[in-house]
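Two complexes follow with chain A in common, the first pairing it with chain B and the second with chain C.
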Partner chain A sequence: MGRYFRRKLLIYGLTFVIAVSINFAVPRLMPGDPVARMLTRNSVANVESSEAMRGYFNELFGLDVPLWQQYFNYWGALFRGDLGVSVFAFPSPVATVVADALPYTLALLLPSILLSWFVGNALGAMAARNKLLDNGALPIGYVLTAVPYMWLAILLAWVGGIILGWFPVAGGYSFALTPAFTWTFIVDLVHHWFLPFLSLFVVALGGWAIGMRNLVIYELESDYSNYLQALGAPNRLVRRYAFRNAVLPQITGLALQLGVVVGGALVTEVVFAYPGLGSLLLNAISSQDFFLLQGILLFIVIGVLVFNFLADVVYVLVDPRTRLGLEGGQS
Partner chain B sequence: MIRRRTIFTIAAGTAFAATACTDEGTGSEDPSDLSMDQFPRNETLYSTGSAWGPPADWNTISPGEVTGLNGLGYESLFLFDPNTTELTPWLAESGEWTEELVYTLKLRPGITWSDGEQLTSADVKYTAELGKIEAVPYANIWNWLSAVDAPDDLTVVFTFTEARHQEWNNFLWAEQIVPEHVLSQLSEEEILTGANENPVVSGPYTVHSFDQDRLAWVKRDDWWATEALGLEVAPRFIVDIVNTSNEVTLNLMAQGELDISNNFLPGIQDLIAANPDLSTYYDGPPYMLSANTAMLIPNTTIEPLDDPEFRRAMAFAIDGAKIVDSVYSGLVAAASPTGLLPIWEKYYDQAVIDEVGFSYSASEAASILAAAGYEDADGDGFVETKGGDPIEFKLNVPTGWTDWEEAARSMATDLRAAGINVTEEFIDAGAVDDARTTGDFQLMLNNWSGTSHTPWTHYRYLFQLPVLDSQSTANFSRWTNEEAWTLTEELAATAAEDPRYQEILSALQRHALVDMPAIPIWYNGAWSQVNNSVWTNWPSESGGGPHVFPSMWNTLWNMGSIYMLTELKLAE
Partner chain C sequence: MTLEVADLQVHYRTLKGDVRALDGVSFSLADGEIVGLAGESGCGKTTLGKSLIRLDGRMRHVGGTAVLDGDELPIGDDKAMNARRWKEVSIIPQYSMSALNPTRKIGKMIAELLRARGKSYREFKDELVRRLELVGLTEKVLDNYPIELSGGMKQRVVMVLSTLLDPSLLIADEVTSALDVTNQRAVAETLVRFRDMGFVKSMIVVTHDLSLVYQIADTIMVMYAGRIVEKAPAETIIKSPKHPYTRALIGALPEVGLEYGDERLQSIPGKPPHLLNPPTGCRFRARCPLASEECEAEPPTVTVEAGHEVSCWKAN
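Moving on, here comes the complex of A and B:
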């Protein structure tokens, strides 16, 4: 088993190096000059001054050295935990900008992904052998998955926020409040969180349910299920085995979803004007903020790797075949 | 094995370090009142449209300040009044040229910083001398300023090597005075790139708190102008919300959760018609005051765009009114042929405009082309260069700027109808920046000539010489007219009262119209829509409000927008 994890770690290590290198390269392949953009955005119009300032900022951001040197400096800084200074939110360090947005993103995405996974799988498994559910709930699931997310989110915001007026249409919490550990504030926070959460939950739910339903049906029709049934095993038992087998691909799917969690939910954040990493990523791209872009992508890379690794571990725990295969491989 | 493990430990460490920053990063420390966590609606102004990212920069020296830093927080010596194009004293009580090369400034007595210290001549001297650091945006004043003295607490004497009146006026109203006792404690790097959280300011507000999507200001009780000028800002709190999508902003405006929005909102005129609480500066088209001139920039290093007659034909071929009506639905106004903003209307030389001006006329465009020797020899409907080569130009605008995309499409259609083969092309905004700077384009749109105290900035934008490999702020068409540039430089050093001032301006208008280094199309608006349900008496042409820009843009506070806040009243 040790060898298995060593090999996995080696692959993850390599992936990390390559992904970080791509992180470095991609923003620099985009057209445009971040410093020029920064100066023009802030209308530094005076020629004599703007040249001096451009030189100063180029040096500050480390853009005045050759590309290969920037690359090594980047790795060096990374190992010191220094992600650089954001151009877009100058002069905030990238780490601060990301860390400020991260709580909103995690609070929105983790519950919606996990809840939709649990509920969706349960629903799908039930639907697999339940005509009523299969004909009633699943078509709704199909519709929800097929609906463009943007459209659904706007509809939710419009109905919940404008027509019914039950929910606010913008912000992480009311613009009339400042954070405080009071009931007013916490209720307000949840109030603002609910619609974006609901939109993500609802859309993901259908997908998980459909996937689970198909997987369970497949498992129930496989030889081992038939054999168990022929032996006279109770339906409950057969279903339990089928479910345990069917859930494996869903775990991989969950790991992938969780991995990109730190990427944020761009559309959600835009539609509900909710703070988070997604809109930050968009802003970083549009203002050529190499450093913020690298910072966010780094989080995504780490997220994907960590959750994939966790999925590997979970696989070993939940799937005896993997475990046995590993031990067999060692002997 | 060890190395692999190291990568992971450190990667994990990085993630941890970043998370650890959260605690200090969510800085909502409140300097004035820690228990305050709610803003009463009738004491709070909600605004949006100025901030494009999370509040991060309270440093007025470096570019990219948070909304309100220049104006609500820091202040300038003078205000510039776009209606009269004159400077009115603000922090300064008076200022004048006492000798040919000496400018003497008197400060108002009794101005205090938000930490209780007095604002004195030493602060003004310190601010000006900061310009000796090359990376300070106004470092250029030291090219013609030689010394600053502060003989007493309220007097500052500036001695020059060259009396550039117009450029100096720009410093007087555009630059913010900073506190010496705070900044002198900092290193040069901190002054230039520090975030300067909790700024010590002289203006009517100080920072209350901020978060990812908002910034709150709270009123200072000891603002100098209350005693000196009888001015008092009406809202106790100002909460500025980072720009959201147009749909969200329109909803918030319609519901009265926002009091003012200063971003372009397509379709606002329909919403105003349907919602009596909403209003703009003008009741009808163009609804908004003009902020800058959107111009078509031809690259004059390319044949036949190097021919003024060809550019003149293009000017006649483009229907500006069509763009105003169909693209902007009347939210903007068509530009004067001079390109000068309406605030400079008094300088328009009608004789020059009558003689060499232009207006939309497809037939006139055709006859100019024919007279200049451009003809369609191969019969494809488009003219060729004089050498017989086909002409095929791209008009670039940044992708996603939907109003500009439509405008470019309209212009290209007009030009093709006149026999000039131009197609619109939408490219990444960064690529547009690159192209404009390096001159690697054929045609593009640009609007960097904006409201200022003097048309000099407009002519500097058009005619600046020499043309370098990279043109970052002016003369994007790369046109060389030595005479026009000499006149522009002379304008910089001429006082507005001098009769020579209008002579130079008339001559420059002629140069601009004859040479056509850029073709003025329309005036972009100082976007502003307000809701009257909580706060009223907004700036407007017809109502009782002040005649200033109804705007929260940092560049406009010292153009009088501060009066918007002092004149606001609670709705009944």
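Moving on, here comes the complex of A and C:
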């Protein structure tokens, strides 16, 4: 098993290096000149001072050295946690800008993924042994998974925000308020959070439920279930085994799903104009802020890699079949 | 008299209608008897075995009775059957290799099963270990997951587990089909030993391999298209079969009365009738070299000598 994890770690390490390198290269290959953009934004008309500014910015962003040296500087800075300075939110450091947006994204994705996983699995397991629920609730699940997410999100925003007017349709909190640890602000935060959360929750729910239902039915019809029943095992025991075995692939699925957590809510954040990493990514692209872009992509890459590795670990540890297979058991 | 089955009818519900997999099966089984149930694939052997312990979702008990040790088995009533399962009727299923929960240690699974049936694992532990050792396993397998055992070992675990509560009747369905010749022999011998040691009273050994069942069975029943066509002591079935179908089966054996072999039955020309709409009269008619007009009527069951029954117009 140790060998397996060492090999996996090596692969993930290599992937990280390659991803970081691509991350370094791509913005630099993109059309547009961020420094020139800064200059226009600051509307520096005077040619002389413009040149001075350009020199200043080039030095600040580290663009005044050859590309290979930029590359090594980039790695060096990375290990110091220095992701550079944002052009879009100048002069805030990229790390701060990302850190400010991250909580919004996490607050949307973590609860929606975890909750839809729990509720979906519970519903699916119930549907597997309840005809009524199976015929009633499952078609809804199919519809929910078939509907394009964008469409569902817009519908929710329209119904909940405009028709019913129960929820705000944009922002992370009311502009009238300033962020503070007060009751009013927290309620306002939750109020803004609810619709985007709901859209993510609902869209993932059906998939988990359908998956779990099929897995449980498969387990209930498997040979070991039949044998247990032939030996007079009460349904309680048969179902418990079936559920436990069915949930194993779902756990791996959850870990994989969490991998998208950092970069996953782009569409949600756009539709609900919610301030998170997704919105930030969009802003970074439109203002050609490649330091910020790099910073965000780096977070996404790290998130995907960490959770994929976690999924690998979970997949192996949770199921004795794979665990023992790696330990070199017989058969 | 351990088991008395009378006119048992069990159907499979399908979209096209009922498949009459058991269509009037009657036989009895004495204390300590091992009966072999033989016949081509699809003739209803598994269905008969399952009917005596647990109908699956598509099976329906249409008629007939099965009385075990003087108590009728509530075949169609899944709940009521539960109390009788394992303790009185037990099964070694066709799929022994995959019969154990893959994610539970074997000992733990057995403990949970016993507890779910209201028994204490501790009480049975010593006997369990003793029987595992009897079939050449050690107590260690209780700490293993099924994946850690070979196919033969899993089969032996299932044999021990199925008979742990000393059932009156054991159904062994194609227990040797998946094994190589050496293991086949060992398993067959183990079954006999289990009977001799009193772990089970009587046994129905289902197989499509007559040469194997001949070695261990006291009696052999031959099934065809949902019915029993001939029943006789094993010796008689092999040496002087009366029913044309049995004769064809024997003829299809590589060698009559041979010890054992892994050659499968060669097929008899033609195919058994579909049980969705079985033909009237003798069901073997279409393939029978002796068929004549009278065979269009249901053949009677004739007792040609004590313990030898044949359903054929030409039995004598």
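We adopt the following convention: the second predicted complex is superposed on the first by the 290 of 331 C-alpha atoms of A that agree within 3 Å, B and C clash if a C-alpha of one lies under 4 Å from a C-alpha of the other, contacts with A are read in each partner's own complex, and residues count from 1 in each chain.
The rule we apply is simple: contacts are C-beta pairs under 8 Å (C-beta built on N, C-alpha and C of every residue); 3 or more make two chains touch, one makes a residue touch a chain.
Only a predicted model underlies this, so the values are computations on that prediction, with no experimental measurement involved.
When both complexes are superposed on chain A, chain B and chain C fit side by side without a clash.
In the superposition on chain A, contact is made by A:245 with chain C only, not with chain B. Touched residues of chain A were counted for both chain B and chain C, and B has more of them. Contact with neither chain B nor chain C is seen for A:24 once the two complexes are overlaid on the shared chain. Shared-chain residue A:182: touches chain B; no touch with chain C. With both structures placed on the common chain, the touch criterion links A:291 to neither chain B nor chain C. Looking at the shared chain after the overlay, A:89 reaches chain B, while chain C stays out of its contact range. Shared-chain residue A:226: touches chain C; no touch with chain B.
Contact with neither chain B nor chain C is seen for A:117 once the two complexes are overlaid on the shared chain. The superposed three-chain arrangement places the nearest Cα atoms of chain B and chain C 32 Å from each other. The residues of chain A shared by its contacts with chain B and with chain C come to none at all.
Residue ranges on chain A touching chain B, taken from their complex, read 6, 9-10, 12-13, 16-17, 30-33, 36-57, 60, 78-79, 81, 83, 85-86, 88-93, 95-104, 154, 157, 161-162, 169-172, 175-180, 182, 184-185, 270-273, 275, 280, 283, 286-288, 298-299, 302.
Against chain C, in their complex, chain A makes its touches with residues 222-224, 226-234, 236-237, 241, 244-245, 248, 319-321, 324-325, 329-331. Residues 1, 4-5, 7-8, 10-11, 13-15, 17-19, 21-22, 25-26, 28, 30, 36-41, 44, 46, 52-54, 56-57, 59, 62-65, 134-140, 143, 192-195, 208-209, 211-214, 216, 239, 241, 244-245, 247-248, 251-252, 255, 257, 427-431, 433-434, 437, 448, 450, 457, 464, 472-474, 555 of chain B are the ones that touch chain A when the two sit in their complex. Note for the complex: chain C touches chain A at residues 53-54, 56, 81-87, 90-91, 93, 95, 98-104, 112-113, 116-117, 145, 147-151, 158, 161-162.
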